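Got some structures for you, see below.
Both of the next two complexes hold chain A, though its partner changes from chain B to chain C.
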Partner chain A sequence: MSRAPGYLKSPTLLLIVVVVAYILGERLAGLMTLDALMLFMYFLGIAAALNIIMGFAGYVSFGHAVFLGIGAYTYILLVYFVPTMNSLQKMGAGLGVFAVAVVAGLAAAAVAATIGAVVLRLRGAFFAIATIGLDFAALYIVKGVVPTLNPEQFYGAQVILPSWAIVPKEDVFNAMLLTFLLVILTNYAVRRSGFGMGLLAIKEDEDAAEVLGVPTAKYKTIAFTLSAFFTGMLGAIFALNGGGVDEGIFHLGHSINMIVMIVIGGLGTVSGPIVGGIIYYWLYDLLLIHYPGLNLVILGIIVGLVVLFAPEGIIGILRKLTFQGVRLRELLE
Partner chain B sequence: MVNVILDLKNVTKRFGGLVAVDEVSFSVRRGEILGLIGPNGAGKTTLFNVITGVYKPEGGRVIFKGVDITGMPAHRIAKMGIAKTHQIVKPFNDMTVLENAMIGALFGKRSGKIGMGEAREVARRMVEFVGLGEKANHLASQLTLHEKKLLEIARALSAEPELLLLDEALAGLNPREIEESLGLIKRVNEEMGVTIIMVEHVMHAVMNIAERIVVLHYGRKISEGSPEEVANDPEVITAYLGDPSLALRFVRRRGA
Partner chain C sequence: MDVSILAINVVSGLMWGCVLGVAAIGLTLLWGVMKVVNLAHGELLLLGGYAIAWLYVTYGLNPLVGALAALAIGVAAGAAIYWALLHKLVGKVDIITLRIEMSTLLMMFALSIALYNVYSHVTRSEPRGIGLWHVGPTSVVKFGPVAVQMNHLFAAVLALFITIAVHLFLTRTMVGKAIRAVMQDSQAAALVGIDPVKIKMFTAMLAIGVTALSGFLVLLYESSIIPGTAYKYAPLGFVIVVLGGLGSILGSFIGGVIIGVVYGLSKVIVAELYSPMASDPIALSTAFVILVLVLLFKPEGLFGRR
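Our next item is the complex of A and B:
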């Protein structure tokens, strides 16, 4: 490890700094629209959020669209119905938005903690299948409940924010940036902690981990809850930027997007979701422009190839290599 | 009175209609090496799983250091100072040898009170103690079976246990590796002061190293005593060893 050149001491931190510098640079230069930049952070953010439970603990969740949706609906309904929340979100150039998004994230986290106590007893494919069920269950609940909240104004489960609840885009951007940083740095902190080591042990062999003293049930629930919290926050800010929310947010496709990003990038690493998110964002854009209609088919094929030939993802492959006598495994987190 | 570290009282574990462990009682003295033997399916591994909290027994009590730990979750029992190695090795394959041992250190006796740096030091010490120092940065998946068995021991020792359960730590090893491992087990017992219960099929090994032996047969304890007493016990001979002269040969080899 001591042989590593200074700038290579922590390529992960370097990557984070570069990405943040890129976002800030684009923001100042104004070449990318705020919407595009926010979508970029949103993609990387949800990938990093899912990584906490799926990457570290090895639990493949197809149910994270639920947490996106709970965050989104909580935020939108809060500012719609609660005047203090509406005033709060307009304060502090984005800090207010961030604060309301925290409330929305907590709602998602509370649901995750409750559901997690049950579904996290399932393992492997059974857990994955149960979480697919969550997407559909949430969809039907929202379709049933939301329209009754304000039958005259709401069109089905769709809630569109009236002009009095709209926040300047610059504020939304700041809140998104703050949330993005928070989820990435949380990933980094988890990776370097005993908690993270425990999660990785659970991924490898849950029974062996438990006998070694890892409180597996507690750790899985914390990871699931933390993951849902950030997913909910991101869903909330994303919805706010879109000016409202509808039941489409619960679509299974959103969950799959998140999974695809971390699979491409590399599960259980800090840099994996970042790299995977960047590639996915870029591909998604590129394919949508050049091959509209076929974009998802092509993306599907690419993902299939990654799973077949590089199941560890890009960072996983890099971690197997040696650079100037230094095993990258020791550096790339 | 002898200092008892573990006390099993009428422990019973059933799987459906099968009684895997049937009213088993015995005590383990602090500092000793106790052999636990019996034919396949005698309930040895099941008993280990009851002690470590993987299974909840249907009856009886498990008392460790005077505390009733019956039915406690496995991770809490680990924290109290009981560690186990697995019969079928279970290394965390995608972690290095050192990281494997760190898991033991982070969640063992000092769980919650030990930092990452200190855990790494404990882990390194134990990895070196079992002789895997040069492989500390290798992935566990790259080790040979013998090395994986040593890693199991290093990982368990990193938890700084008072009681170590070895489940067939010698199975599948060649004679030279068995000798080395026996030396290691003795050093763990003598130098670290760890009490050991070892389930073993390699007869001469367990007869050699254990001070006392408990024999299980169809889930019941049929004998307990020194290796000589057990080997001469008619019930053990019929149930397990079969041939009395064979049993006596094992005992004689203790001197050799």
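Our next item is the complex of A and C:
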């Protein structure tokens, strides 16, 4: 059996490089609109962000949209009410946007580190239900509080950015690309680290992991906080690109997107959310064009089929295949 | 603060709570017996509501008869869902692991996306209802200073009736007793000759039947439904199930009443202390704060067993 070529030893890195090259190529060629490319990165990004807690640690957070919402509202309200933040976001061809998005991500991370740490005591379905509860609590609080902040200007909980707070699309794109790279590389780094090993141990058997000396509570909290941080940043930039935010950002549909991508791709790997994200984005686009209105029905059926017949996702199927006598699994990891 | 405003809000919260409580019975049964967290609960609730509205508008069928039709549809849907989606995952296993639990969660989630979008597609998200059927929203009953809408009162009374009926079914019939036995210990139940697979199927039929039937109450209470109504009732259902205790019918009903009354009370308080504009959403958020608190400090709920 000949040794696999060097680059094949880490197909994950290869995949990341290909995806980034594709995005940059499309950007230079200008065939896809900036909006479409940003949506692509946003999809892959949120899947990768949720992957840190759901894929590695096995905690399915159904209410992850809450962090998208917190990030988005923090960003939009900051640039709306704080003049320094508004001038900051216009600096450095996207670096400013990135900086404000970091602040928004920190807000989401703060919620995750405090409330999340408590909720993470729950396991399985109870954890999923609690995160849904968190999402709805935040949704209703935003619906109640935001309209009172500026009753003359805000329509319900909807905040539309006025022209003085709009940032050129190219800048937003740069910030999105930067965030996207950050979240993917963090995924990769986590997977390779002892911390990531600990998370996988928690997924396999939390009690056993605890007995063997994995600081489970600490690891879970860090993973949840990291995941919330990136989700918040992506939500912020997504909202900025949309020119504002409304309570729809808390919709469970956003959580659906993230979970579906990870489930299609395969849990617990770095390439899972990327592959799943690409397929989901492509399917979403395709079904939206050909079956508008029924696209999500079809997606629901696909998810059901994946759960029933391919619980390990596409990466799981690929791992079982063999390639010139070498199990792809050995090549992939 | 005006006392009568408080009284009106508490009473209306109480009646809504009865509806919420019944709407959560199906959820608590499925969760209690086979650890299936029915994320499609809201959509299955609407299945009943839409069936009643459709039969009424198209064929002029009396909604009370329509409610029985909804029950039948729910029972059939329950059997179909069990065999098509759940049997492969939970049918033959006695101890349901976290992994299976997650799979069923995703499975029901998939059903929920599919159903929700079928509804949106078919109704174009326009409201559907039974209009001003004879207990329409116009008629009002007065108890002293408290005016009560007739349809709300009717829904609450019916809710009480359904709760008692389900309770009697579970305690007095053989099938009901078997369901409770499987809920307590599925292996021991199998030892005394109860077929767990059959009972799981019956549970799914009963649970989803009651869920579809309570769609009638939601229809009465809301007077019209849109697909988004699912997103109001399903999450509140989770809160109630956790608060009342898994598998407890009484707990579900009382949990619903508590959530309803707390909603009514906090609505008045928020309007008084903060802003009337914010009162409704913030009052709804209290339910989810209760959820997280119960999960953390009394995870077995009010009437549940550990």
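Methods note: the second predicted complex is superposed on the first by the 326 of 333 C-alpha atoms of A that agree within 3 Å, B and C clash if a C-alpha of one lies under 4 Å from a C-alpha of the other, contacts with A are read in each partner's own complex, and residues count from 1 in each chain.
The rule is simple: a residue touches a chain if its C-beta (ideal position, glycine included) is under 8 Å from a C-beta of that chain, and two chains touch if they have at least 3 such contacts.
If you're wondering where the values come from, they're calculated on a predicted model, not measured in any experiment.
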Based on the superposed arrangement, let me know which partner A:Pro162 touches: chain B (first), chain C (second), both, or neither? neither
Classify the contacts of A:Val211 with the two partner chains as first (chain B alone), second (chain C alone), both, or neither. first
Where does A:Leu296 make contact in the superposed view: on chain B (first), on chain C (second), on both, or on neither? second
Classify the contacts of A:Phe126 with the two partner chains as first (chain B alone), second (chain C alone), both, or neither. second
Looking at A:Tyr140 after the superposition, I want to know if it touches chain B, chain C, both of them or none. Which is it: first, second, both, neither? second
Per the contact definition in the header, classify A:Arg192: touching chain B only (first), chain C only (second), both, or neither. first
Which chain, chain B or chain C, ends up touching more residues of chain A in the combined arrangement? C
Answer with first, second, both or neither: which of chain B and chain C does A:Gly304 touch in the superposed model? second
Chain B and chain C footprints on chain A meet at residues none
For the chain B and chain A complex, residues of the former touching the latter: 52-54, 73-76, 78-79, 83-84, 86, 90, 92-96, 99, 102-104, 106-108, 111, 114, 116, 119, 137, 155-156, 159
Chain A residues touching chain B in their complex are 192-194, 197-198, 200-201, 204-205, 207-217, 327, 329-330
In the complex, the residues of chain C that touch chain A are 31, 35, 37, 39, 85, 88-89, 98, 101-103, 105-107, 109-118, 120-121, 231, 235, 238-239, 242, 270, 274-275, 277-282, 284-285, 287-289, 291-292, 295-296, 299
Touching chain C in the complex: which residues of chain A? 58, 60, 62, 115, 118-119, 121-126, 128-130, 132-134, 136-145, 147-148, 151, 251-252, 256, 259, 263, 293-297, 299-301, 303-304, 307-308, 311
